[in-house]
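Structure below; questions to follow.
Per-chain residue numbering starts at 1, and chain names A, B, C and D are given in the order in which the chains are listed.
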């Protein structure tokens, strides 16, 4: 990769409020439901997470669903609930932005702005978030090569914003046992290629809750700066991704186990 | 695929001016440069194409490039040139739309609006073009499954527009000899699943000019309703995709060969 | 591909009895059941094929099955039945060889020796069949790159046998709608890289009987020298691959349709 | 996966001399050169490994190379050298078996018999090693699904031998930055599906020496029972796989780092 580049591998830490992500900082934990489904659900989940420990509260309000006929997210109402939940537990929040139309609202409410896997190639949107002054979490496209992912980050940086956190969430392969194939080698590669912090999403990366814990350990051992995990107050009732969501008790078990390790 | 669906397999033909695409209509030929590079280039190419025969003139003015530092297209100026070239040869034009911001301009100038491979999962954009009254050419995402492609078309239809032409342009596999793996089985599958017309792009589908002719024949034999081929007045000087573009002489040779076949 | 090579692209036709495959010869049709299941089944199928027209009778007697607990083929007894069926309709036969142990028997009975997809990387077996004096049909490995397939053929040629017929049978990708993704671009590529005849197997290449006809047409249009198609006297009763097998009536329909085309 | 199965998930530990692999035993380290190249090279490497610590000495003498014109291994002579090297450092050895022809020799000399990635679908060979009384290391086929890999192990078990060690070595995907995509989720999956010990090969899994250490840590954190790493006395002079081989000093650094971790 000899292209012109702003992100050259020099280590960058991203600041979110009082939180520092990447560099030599301790790994962080982003957790929360796949989608905000109601005020009660997101607040209950937030309180449960707070008890165990969480650094950033996640929750989708605009959902890029394969079918136009399934739940598309609560929209701005959901964003308000997520904000309220975050404030209740005194924790920054992250949500996904799908289009320029909702840019202002998401920038106003959310502490980190997520660009989802399906929009990693949406260069118009990348340019837009390159022009704002908030940290961006850039998920890897579901079949994006390392080079394409690096250059997607470069789009954001080229337009003025290098507060970028990368997120490996699995790639599409022939394997059907897991929802995606979690490519943990991307962790040391992307750190060395861009210097940016990188976190791993074992929920989407595997699609199976029993694999979240081992892959969370693997991710941190490979050098990930944090994890993003789907936690739902009651996964069996979740409107999306229930099979890959932990309940609060399982989340607690994972945190305890991770704390026992030294990587 | 038992989901709720508007596109149910009943054959739909799409009208573009006096042109009919799909159903029992003869196959059509969309040709032109990857990118509009100058007024001269697009007009010269158009005139050369006209001589051999062409149904729709293509040309990109907003280019989704992997790197932010390479040529991003001429923008609206290029759109004017493309329009002028189309009028000169009395042929409808097609160009790619990358974002809502340019929707009005593209709708005003272009006869068909292309949603490129990188935006097939851009559901916000799909909803937008679902609300307009112009034919949409929906390229398959580079690693989109059949099901996801069907549902992307369904997004457009669900928002009110079923003037949709599908375009198979190759999928991403382990193979590196070709730029993509052209999945011709998608032709009969998508026709049967949606009823929509489908064309094939052997230029992107292979990335190698010597493979365009055999794959063009293969595509039509599998039942494709047309082809989209990159033709540049001088591929060795093209700003993008030169190695997969035909010159006008090669284009003529391909058309003559295709005319000799009976599928 | 700058490696040392015997197969350099110079066109080679392979002779099987009075049949010539490749070069400028007419395309051939290899048909028969996935597996020989009984004397009656293979003879009945052969007679039905003969009526419509068939150049080589196929039938597996050693079956490389994913599970050790499913039908593994009739073995040498099945080979005798296949031979008898071939003689009854005065047609050469082809069967798969899985190991050196059965080399002599298969060489004695079969007119063409098939190396299946799962053994394309079995270099010991390739060397063995490089040492015999019979045509080899070399299927592409299910995830073999073009380069690896070329070099697998080169293994056979390097050990003395360049009577090789290639067979594209689909590659493994993320797509699950079809059993494999039929890579028809491999047809012109392999002809140009090796000069060897190449046939296409739309039965394994798609895994769905309704796709056999369109892909058969596509294959011949791309320049394939022949087809290999699974035909079973009663696919609903087949011990393997029933969902991708034609019955004799469907086979006849396909042949009539192919005869109407001119590629 | 509801098929009939011998390997049902009940934990199995495999004994190699005094070494126990899998179950609750400490993780093991298999190391050595890709290929035995000379008596001196394998003995020098063995002595260097011994100093740092190694549980099993590896070395290929039959090499499944893509091209028939590149180094194919030293054959039986190399096996004698490997045996001698193993005895010198009092460590069991492992080498790859490619065909039945060399079965007796490999069984006589080698303490573990490796079935390589290219032969995972070679069911005739799997049945053969199912009939012997030595531990088998079964590498995952380069594009084998979890289900196919489980069933390949089942072939060996069904023929009488359940002393099987699995080895994840990366799968083939669209990504070209790494040689393969190391699928670490396969570690907990295969342990839970079969109960067999599983080790990870980060050398083949990435193809890049700088990635061996992070992926080795990741593998053990995911629950791997050991590692297989390519070490060459001088990787710059290696006849194969030099770019993914550690030298003894790098190997030592990795071992020290792994010892510091607690997973």
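What we mean here is this: a contact is a pair of C-beta atoms (placed from the backbone, for glycine too) under 8 Å apart; a residue touches a chain by one contact, two chains touch by 3 or more.
Keep in mind it's a predicted model, so treat the numbers as computed, not measured.
Where the contacts of chain A and chain B overlap, which chains show up?
Looking at chain B and chain A together, the chains touching each of them are C, D.
Could you let me know which interface, A-D or A-C, is made of more C-beta pairs in contact?
A-D
I'd like the Å distance between the centres of chain A and chain C, where a centre is the mean of that chain's Cα atoms.
Centre separation, chain A to chain C: 48 Å.
Centre to centre, by mean C-alpha position, how many angstrom separate chain A and chain D?
35
Mind pulling the chain D residues that touch 2 or more other chains?
Each of 143, 147, 172-174, 176 in chain D touches at least two other chains.
Which of line, ring, star, complete and other names the graph you get from chains that touch?
Here the contact pattern is complete, since every chain touches every other one.
Which residues of chain D touch chain B in their complex?
Interface residues on chain D, with respect to chain B: 143, 172-174, 176.
Help me check something: in the complex, which residues belonging to chain C touch chain D?
These residues of chain C touch chain D: 3-4, 64-69, 98-101, 118-119, 121-125, 127, 142-143, 147-148, 151, 154-155, 158-159, 172.
State the interface residues of chain D toward chain A in the complex, per the touch definition above.
143, 145-147, 171, 173-178, 181-185, 187-189, 192, 205-206, 210-211, 214-215, 217-223, 260-263
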